[in-house]
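Can you keep this structure in mind? I'll have questions shortly.
We call the chains A, B, C, D and E, going by the order they appear; numbering starts again at 1 in every chain.
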Amino acid sequence: MSERESRLRSLAEELLASGQVRTFIGFGPGYEPSRPLPWFAQDPAGAAQLLLNPFCGATLARYLLDDGSPGPVGVLARGCDGLGIERLLADRRVSRDRVHVVGVTCRGAVDPDKAYREAGDTPLSAELEGERVLLTTASGTREFPRASCLYDRCLSCADPSPRWADDWLDEPLPPGKREFPDVAGLEQQDADRRYAFWTRQFSRCLRCHACRQACPACHCVSCSLDHPEWLDGGISLDNNFMYHFTRAYHVAGRCIACGECQQACPAQIPLMLLNDKFMRDIRDLFGVCHPHRPQEKEPLGQFCPDDPEGWREGGAQP
Amino acid sequence: MPRTGVFVCWCGINIAKTVDVEGVAAASRSLPGVVHAETYKYFCSEPGQNLIKEAIWEKRLDRVVIATCSPSMHQATFREAAQAAGLNPYLVQIANIREQCSWVHSNREEATGKAVALVTAMVAKVRRDEPLQAFTLPVNRRVLVIGGGIAGMQAALDIADAGYPVVLVEREPNLGGRMAQLSETFPTLDCASCILTPKTAEVARHPLIELLAYSEVREVSGYVGAFTATIARKPAYVDWDKCIGCMLCQEKCPRKTPSDFQRGMGPGKAIGVNFPQAVPNRPVIHREHCTYFQTGKCQVCARICPVDAVDFNQAETTQEKQVGAIVVATGYEVVAPDQFGEYGYGKYPDVIDSLAFERLNSSSGPTDGVIRRPSDGAVPKEVVFIQCAGSRDPDKGKPYCSKICCMYTAKHAMLYRHKVPDGQAYIFYMDIRAGGKRYEEFVQRAVENDGALYLRGRVARVYPEDGRLVVKGVDTLSGQNVEVFADLVVLATAAVPSGGAPGLAQALKVGTDEHGFFNEAHPKLRPVETLTRGIFLAGSALAPKDISESVAQASGAAAKVLALFSREELLADPLVATVNESHCSGCFWCRPTCPYQAIEEKALRDRQVATVNAGLCQGCGACAAACRNGAMKLRGFTDEQLLAEVNALCL
Amino acid sequence: MKFIAAAKLPLLLERLGRHSQVYAPVAVDGRVWLSPWTGEDIAGGYVNPVNSLKTLVYPQTEAVLEFEGGETDVTVREASPPAPQVIFGGRPCDAAGLDLIARVFMEGPFVDELFRRRREATTIMTVACRQAAPSCFCRAMGLSPASERGSDVLFFPGPEGYLVEALTEAGEQILEQAAGLLDDATGDQARRACQELPVPLAGDLNTVRLTPEEGFEHPYWEHLARRCRSCGTCTYLCPTCYCTALFDVTRGTRGRRLRGWDCCQFKDFLLMAGGHNARPQKKQRVRNRFLHKLSYHPANYGEQACVGCGRCVDNCPVCLHMAGVLKDLGEVERA
Amino acid sequence: MNPLVPQVATIKNIVVETPDVRTFVVEPDHGQTFAYRPGQCAMVSVFGVGEAMLSISSTARRGGPLEFSVKRVGRVTGALHEAEPGHRIGVRGPYGNHFPVEDWAGSNLLFIGGGIGLAPLRALINHCLDERRRYGKFDIIYGARSPQDLCFQGELMENWPRAEDVGVHLTVDAADGDWKGAVALVPHFLEKLGPSPEGTTAITCGPPIMIKYTLASLKKLGFSDHQIVTTLELKMQCGIGKCGRCNIGSKYVCVDGPVFTYAQLKELPQEY
Amino acid sequence: MSLTWEPKIVGFACQWCTYAGADLAGTSRLQYPATVRPIRVPCSGRVNPAFVLRAFQRGADGVLVAGCHPGDCHYTTGNLFTRRRYSLVKRFLEYLGMEPERFRVEWISAAEGKRFAQVVQEMTADLKQLGPNWKMRETT
């Protein structure tokens, strides 16, 4: 057991025992060691089962939305969870006094599917060491490059630590900068190629709403994409364009770049390419340095008298 | 499905020449819900309107689409006709097939096709219209005037004279504002007090004006017809009700102080009034100067007061006033002097601003009206006036023209010459702006009769030499460097919004420009209104103004208030935003898009949701577009309606 | 028993394509989908396509009827019959799943004509599995990598090609079209094709038949549901989920009534116009999904509604899947 | 024949029952009205809007067209309420089981309705009245929000009270105007009337909350689970047991219901 | 029906400026193609981006969103939100593969009847060059 894990357990235990929180959301044992599950500890015994290892994948912020969870709620927060919590606070869907954030610095989570492919066997444990990942299977421990083992969403992460926390498990790391190389790559193609690309992606869409349900920014009490006047239930390419356009636009300026939407998509649609496009343009047009970090005013809820007319330059590129 | 009637107007040949009106009527008969369609030469005529009314009765129509000229022409006409026939007027829509169809297209087939599309869209839209009632807002016919300067007083008097009660709030202990500080006024050289004092007296004794001096407006809620203002009364440490205005306290106060009213020149006292004719004629203890407040000893005033009115324990009190309209007349100040280091302001006592020069000229001023320079009391023989000190200077953050300086500087030069006949006035200027009745003549008089020497150019520096001041500048007309030796330098400093304006703007939720001046609703057509219905502007609160303009605008604002008060109830357009509470997540990202601060919070059992103050909403729909899930709905332009239009137009 | 050389497979599909729409496993952006086949490389090496056979026989959206006219004069036409189709490359578990839902649609007092017509227009050529993913658990559900249920033709992949067996009349008919491309299989070919079938997960799953009395109010459901994100990934990928909604779409005076998949995990699934919702809580919805498969369906059809394809295991973003629930239920019962 | 494709039918007449309830008299354009029994339902379509499962309020053995008594609650019912005679709609059915009238021979019948829940009971009451001799005493307990919300006033006030040995007992939640009758919620009213469970079958239909409390009241009065019959309503899409929606445990309301005895209901998960 | 194909443009016009400008084009009898189908909105700030997509979905060949010039909004700030919103949306549509000519945002004041006519003429010419739109459009 890592030091951070034991610290997490004792902290959660303390929070629960003292009544400071009624539930602690973290990760707990799953069906396989490489797939820890979101875990809802409600007593010290539950806290003793909390896990913290490189396989802890899914983001947790959205669970704060669940009705009926007795509050206040403690939550383990990596950078992505932290931004998700900030998002929910900024959107006033969660109130600050009902959340107790336990911050932890995350250097990326290992994707069990990638790890399985790399190691050729079910991984039992993983360790991150700089640019390498040590994977242990029944047949021993081997080293692999970080990029081939981590979740895609972790590879472009700029926020290893939450921006604030009520307690810390370790030293927070300063945030980095988010770049958008893939957006630029797609922009270089011509309109028809871009359309063909998105057609191939969106024609796979099942409209299962996994992206929406994973997103800490997509939390409307009643989603417009469920309203028949906006979108009927027919699964067709044009409706899927409508769906993904609307979804991406609705999180434009609000997306925290956690990548959970893309991670959740069973059809593997590269949804972050949509979100990133908005983020990149918001950065370039409106000078928002970190368009994925919740701010007091969302970029589309404000203006400057001398904002550029982003349509003037033409083309997809700024 | 509703029963819709479609009326296609020929507009004589205006429409019928290019659009096959019968074809449009025929096509509309097959549209969903259309049970009647007819054409007529002029539906806007009385017989035409009667046809519509008859069809509403006979065909039991509950929706009407009129394909005719632009809605800006006759929408109101047709809505009234429908209403006369018993149909809710908001169940009428206009398809604009004249201005945006028959007049701009020549191909009959294409124009007809477009006309059918426009009618189809309006049939789809009207089907989703709800009957709406123009709702009424009761009007509390009392007005709050904020600012007791000449503009505020004028507005208050005009309104009170018309018979409506006025609450007049003044931040200072007395009425008069900037004008009370002036000596004479351009272009007539009337004595300011002589024309101001009758006004202040009139205000003071007007039975319908409630004067709240030494008070500030802290909060304003509500909307047109029903504002509630929270007004704080600052502690004067003198019970004004007991005080009889004998001013013994001022006389006996041992503490001599520089006076703000006298622009930092003496003589002031820690207790007293700003000037003898002040209204109300009641003293105030200036806590920062008072020996008792500073050291705990003295209390001379309290001992001397014959009616025991001094009360060192007085605290701020607040009261609420219900009013139906608000006039903002907060006026201006001059820019803080620390901005003028290069002119030596603050460093050399003989560099003063023009308000101080007004005080030097004033018979109630520190020198009893004799022009004496502050440093040694000598009468200056050469005076340099520097115009645009701060104004028209983007570097100082005031790119605008303060407007009044050209005129008062000419006046200063003139008054100076009258008092110091052997004196010489030099005026550094950028341009002379003397637009206004008899203004140009006034400036010419200063030059021709009173020998004011105008030098076009900027002053680079003012520095002392041999007990005098050297004003160094460039004469841009000759291109020569000039140096003028002066005994006194007067800066025509930029006018800026009065210090209380930003806080007040926030309380009123009324916008200001980047300099802090209040924004008018429209720079040309609605210059005394704000975007918030029921809040009006007068005087220099909007931008620097001279007295006559301020008075004119004040009367204008008063006229707007009176127009508002001419009715007991206001009709409000029902095409405002409403919230579908079951959809609203309470994220409030709609709020920053509302220019009217009309979005408020409402508590549901499990969450806060947005609610729209219909009295404030003007129906722009920015909130509806900002709302991600369509919880915010703009009546008359709902998502369903606009989508239905899109769908219909794309058929 | 017939044999077809691997190289001849495209020829076979091309031949079948003359009379039918052919679907085959095709790699799209790195994952294999059963896609309309237009000569692309036929993917191999996959365990299961992303989309199950269900998606092609019971499409995500299909027209029930078309209508035209106004409120006083409306004409209604049934949707036109589906074109014949041949699907190559589905797996036995999916074929079994399709047969499982076919019973729902074709048994009982009403026969679902939309399903029946499309099923009858479809020939299913299943390929037995050569490998199992860690998520596969067909054996636990009483199936195997070469189960015959639901298939018209079963292909056994071997080193040189496929052993081909027609299982139904439709299967035989389709193979007749392939005359010349198929040879009679030799004993050797048959032996080699059959010997390498993998063994998916079986032993450690407790397939319990939970009845409401046994477990309806067990805190387990609350515990399980907390994790659920209420998306439709599991149901939309599941080869045995079949919930649908009917809705009308109109364009001017014409319209269609469509039937589209719906998902019992969505919170408005049972929301009625008046506001009543029989399963407003996530716990109720999650419980209903698993009990439907493990208890309610067996009560009506005598079999559990899961074929162990493993899609929910692979795709649920928070591992809330059937294999796990089966494991848990064993423990829950013991507890 | 695709069971999901409705027959096109014409609205022949519309009876305004209450401010938000209208009865639609409907005849198919081609062919005959399907045969149905009391308690059964049909899917009614407004083309372009959608379908809604509605209980049939007419009685088949009396012949004549189908009748649906519809409360305005949502999109489809809203569209129906805007329809006029001559408009075309779609109808398919009949769906679901029916009231087990065969089992009630010789029994006293206690009908307990609330609001629009009287619609299926009306079909049943008229059916049973037409074979009056087969049963014992009839009691009809009916409540609505207010006097103006009482449906089928002609039958309630005229036809049924005049029939042989039929007691009609009306109550409203809130009285207005000239109402002289009882003011009470249906379950309270029922308890006050206190009908004997002896040889009696109670049939209740109304909003879910009313049914819940009425069942409790009936139990209090001593009715056994088998003596209580009710109907359920759940969201339905197909009506033919295929869309997977209206299940309560392993039962589908559209096929196995909507009529259940309390004994049957108790066997099911409490999710309705 | 015309034999030649004419593009279909859905034009959202703010009622204070652009719609009035279009009316002015009418009173001035300026001729422009009958391709534009205006939708009157109170303010360009009312136009949800999804309206634009819906228009393309249902068969528009081009979409125009037009309002008052920045600084002239009847509601002071509505079009400043429009500017931000559609700066992004325009680029996003192109990113999804839409041709730039198919979606335009313009400031057209009530005095600019000519400008309105000109924008419609330009757009019509551009769209004729491109031909009918099929991207993001429904197929049945």
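The definition used in the following text is that contacts are C-beta pairs under 8 Å (C-beta built on N, C-alpha and C of every residue); 3 or more make two chains touch, one makes a residue touch a chain.
Please read these numbers as outputs of a predicted model, since none were measured by experiment.
Chemist: Using the touch definition up top, find the fewest steps from chain A to chain E.
Modeler: 1
Chemist: Touching chain B and chain D alike: which chains?
Modeler: C
Chemist: Which chain has its C-alpha centroid farthest away from the centroid of chain D?
Modeler: The most remote chain is B.
Chemist: Farthest chain from chain C, comparing Cα centres?
Modeler: B
Chemist: Sort out for me whether B-E or A-C is joined by the greater number of C-beta contact pairs.
Modeler: B-E
Chemist: Determine the centre-to-centre distance between chain B and chain E, using the mean Cα coordinates as centres, and give it in whole Å.
Modeler: Inter-chain centre distance comes to 35 Å.
Chemist: Just give me the whole-number Å value for how far the CA centre of chain B lies from that of chain C.
Modeler: From the centre of chain B to the centre of chain C is 69 Å.
Chemist: Could you please state the distance in Å, as a whole number, between where the Cα atoms of chain C are centred and where those of chain E are centred?
Modeler: From the centre of chain C to the centre of chain E is 46 Å.
Chemist: Let me have the rounded angstrom distance from the C-alpha centre of chain C over to the C-alpha centre of chain D, please.
Modeler: Computed from C-alpha means, the inter-chain centre distance equals 39 Å.
Chemist: Residues touching two or more other chains, restricted to chain A: which are they?
Modeler: Those would be 224, 230, 236, 300-302.
Chemist: Where in chain C do residues touch at least two different other chains?
Modeler: As it turns out, chain C has residues touching two or more other chains at 71, 245, 247, 251, 262.
Chemist: Tell me, which residues of chain E touch at least two other chains?
Modeler: Residue numbers touching two or more other chains: 54, 58, 77, 81, 85.
Chemist: Please give the residue numbers of chain B that touch chain D in the complex, ascending.
Modeler: 1-2, 32
Chemist: Considering only the defined contacts, which chain B positions touch chain A in the complex?
Modeler: Within the complex, chain B contacts chain A at residues 582-589, 591-593, 606-608, 626, 628-631, 639-640, 643.
Chemist: Touching chain B in the complex: which residues of chain E?
Modeler: Spelled out, the residues of chain E in touch with chain B are 1-2, 6, 8, 10, 20, 22-23, 25-27, 29-34, 37-43, 45-48, 51, 54-55, 58-60, 74-78, 81, 85, 117.
Chemist: Name, in rising order, each residue of chain A that touches chain C in their complex.
Modeler: By the definition above, chain A touches chain C via 30-31, 35, 37-38, 40, 58, 62-63, 66, 68-69, 113, 116, 122, 200-201, 204, 206-210, 212-214, 226, 228, 232-236, 260, 263-264, 266-268.
Chemist: Touching residues of chain D toward chain C in the complex: what are they?
Modeler: For chain D paired with chain C, touching residues are 1-6, 8, 45, 47-52, 73-77, 83, 86-88, 90, 208, 233-235, 237-238, 240-250, 255, 268-269, 271-272.
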